[in-house]
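As written, the chains take the letters A, B and C, and residue 1 is the first residue of each chain.
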């Protein structure tokens, strides 16, 4: 086999091996690069900063366990920022399989780290079936949809819920999502009920949301690991996402290297054929 | 499946009512449309039985005939029974056996499948991004710019790369996506209209 | 035909009754009004679009010729089934991973009916895995009916349409495993797809199948384009059943979509020009299209 043929037809297992090494090695030998903050990430940060201390915000966790490596870092960064500003957080999830557990875990761990108390500083409303009915219903009364929190405690007995019963009572919604529910948060909660919405989504979803950003229906977007890393930089707490960017950088470079090699082989073989 | 005029009439009335509810803020109409949506959830819940029966049938025949890989069908049945028993016996809330099984078995498996995308996109990109034509070359160059622009190394190579990447995502990419979305939305609207009017009966087995 | 007319008449009557309701006109701003006048523009656009679809369907039914551009992906369908027949292998068809409430699922199922007729005709094995139970029930009926129409009702086996898993990554794991074991000759992915699109398409490529895909999800299109031989983009998915069947109900709808798209393009261009040249009434023009 000629060298050009080798370059154009690498066994895909070699590619997989190099990708695996690019992900694993930065975990043992961390590499970090200075992160530049994009406008769409800064807008979310600015929106949160503009709220007075003690404001109440809503953070829905519309994420499946499958995308956690990408979405959890940005979720944690947003929750940390909220707790740093002493915001109260009302959370829920329209993902029945795993959503409430993820919400519970992230809020408890970050809440404990900041000395926040469940029911006073944050609440997990849990899951209710039929997200369209849930999102629409909460516009008139959260209690009509969630009479109790995730563990069955009546909302009326929770201090945080004394002043909250509809979207009008929360000052900002930061929707974390890995699926189409984000568009319902924008079109129902944002457009219909007038809530200010920011989005934290997977990197592959972010381009689709630029339309809403342009139209002013979204305040800002945190897109995937990079969005999370940028946010960690803004709140000056580089953690999971910043570390993950080392692996992401290396993987991107490996993919580019393979594309370049493939093209060198392709162009060379085309020239060889033309010469023959 | 029932194929007479009744399902067509139900589809027509439900469809028209949901259209009406979009144009109304009347509380009674909103309440009824909310009920319609709740019925969807309830009906969906019952249809899961269809899936359970289908998978049970396929697996049972595999085990009976000792087809290749039949022990995996046994594993599937054991775990499905385990999830069912744990879910029905003490619920699915945080701290239950069901939640433990979900968090420690299913969630890592789902995450693993999602992470496979990194490997698959690498091999697909290597194979697909070849400078065969002018358009393919443009696609190739754009992909490399965006990949570099999304990582800090790109910024180190050229400080303008992140801005160029953002422009590609926000302008040409967005324009193309909007075009696709508009066309697809019209297609979806025409399909919905055919369903409401009973012209489209694919779901009843009639093309 | 009479049934169609009645249906159209009832639909029009319901909508017009709503529009004409005197209470609606008076209580424009009331939060509990029967008709939300903030959405008059949406109603007019909807009526115009529905009218156009019904008009062109009727025109097509009356025999008016309607041209539909050839779609290479669909021209490859019959070849793909022929290839599977020659190789003695299966045709894999996935009607998306969306539930039955998605129009893309219906578009996929409509094409499934046409393809099942071809596989029935050639006695080619067919496999239709489904993610959700409702598309499973619908797909079963579609395939059963196609085999009956092809005169081979006994060739239909319930296991052809199979529930794999109720979660997309579990589903793609099951489908990928099946592809690597069974090595299907042709994979057809038509419907709504999400993150699992590349997992299945790349595995299908590794398994050596000819692959035809189509979805209206813009973020999944690059993956299909990279991993499949043919890809239907956005509305082409909805045009697929028209192209394969040439039935008036599909052809008319495609024609109306085209007319409406041209109209929207003109309106977008006008809006862009008014805004660019700062025409005094650009804001008014824009407000006509705002839906509250």
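A few remarks follow.
Heads up, the rule we're going with is that contacts are C-beta pairs under 8 Å (C-beta built on N, C-alpha and C of every residue); 3 or more make two chains touch, one makes a residue touch a chain.
Note that this is a predicted model, so its numbers are computed, not measured.
Each step here moves to a touching chain, and the least such steps from chain B to chain C number 1. Chain closest to the overall centre, judged by the mean of its C-alpha atoms against the mean of all protein C-alpha atoms: B. For chain C, the chain whose average C-alpha position is most distant is A. Inter-chain spacing, taken between the CA centroids of chain B and chain C, is 15 Å. Rounded to whole angstrom units, the spacing between the C-alpha centres of chain A and chain C is 30. Between the Cα centres of chain A and chain B there is a gap of 18 Å. Within chain B, contacts with two or more other chains are made by residues 40, 106, 110, 113-114, 121, 123, 125, 127, 129, 177, 181. Residues of chain A found to touch two or more other chains are 12, 64, 66-67, 97, 207-208.
Of all residues in chain C, those touching 2 or more other chains are 167, 169, 195, 218, listed in ascending order. Within the complex, the chain C residues that touch chain A are 167, 169, 194-195, 206, 218-219, 292.
Residues 12, 64, 66-67, 97, 178-179, 191, 202, 204-205, 207-208 of chain A are the ones that touch chain C when the two sit in their complex. Those residues of chain C lying in contact with chain B across their complex are 4, 7-8, 10-11, 14-15, 18, 30-36, 39, 42-43, 46, 49-50, 53-54, 57, 99-101, 103-104, 106-107, 109-110, 113-114, 132-134, 136-138, 141-142, 144-146, 158-159, 161-164, 166-167, 169-170, 172-173, 181, 195-196, 198-199, 201-203, 205, 216, 218, 221, 223, 225-227, 233-235, 237-239, 241, 245, 247, 249, 253-254, 256-257, 260-261, 264. Those residues of chain B that touch chain A in the complex are listed here as 30, 34, 37-38, 40-41, 45, 93-94, 99, 102-103, 106-107, 110-111, 113-115, 118-119, 121-123, 125-127, 129-132, 140, 143-144, 147-148, 150-153, 155-156, 162, 166, 169-170, 173-174, 177-178, 181.
Contacts from chain A toward chain B in the complex involve residues 10, 12, 15-16, 19-20, 23, 33-36, 38-39, 64-69, 97-98, 100-101, 104, 129-130, 132-133, 136-137, 150-151, 203, 206-208, 210-211, 214, 226, 245, 248-249, 251-256, 258-259, 262-263, 266-267.
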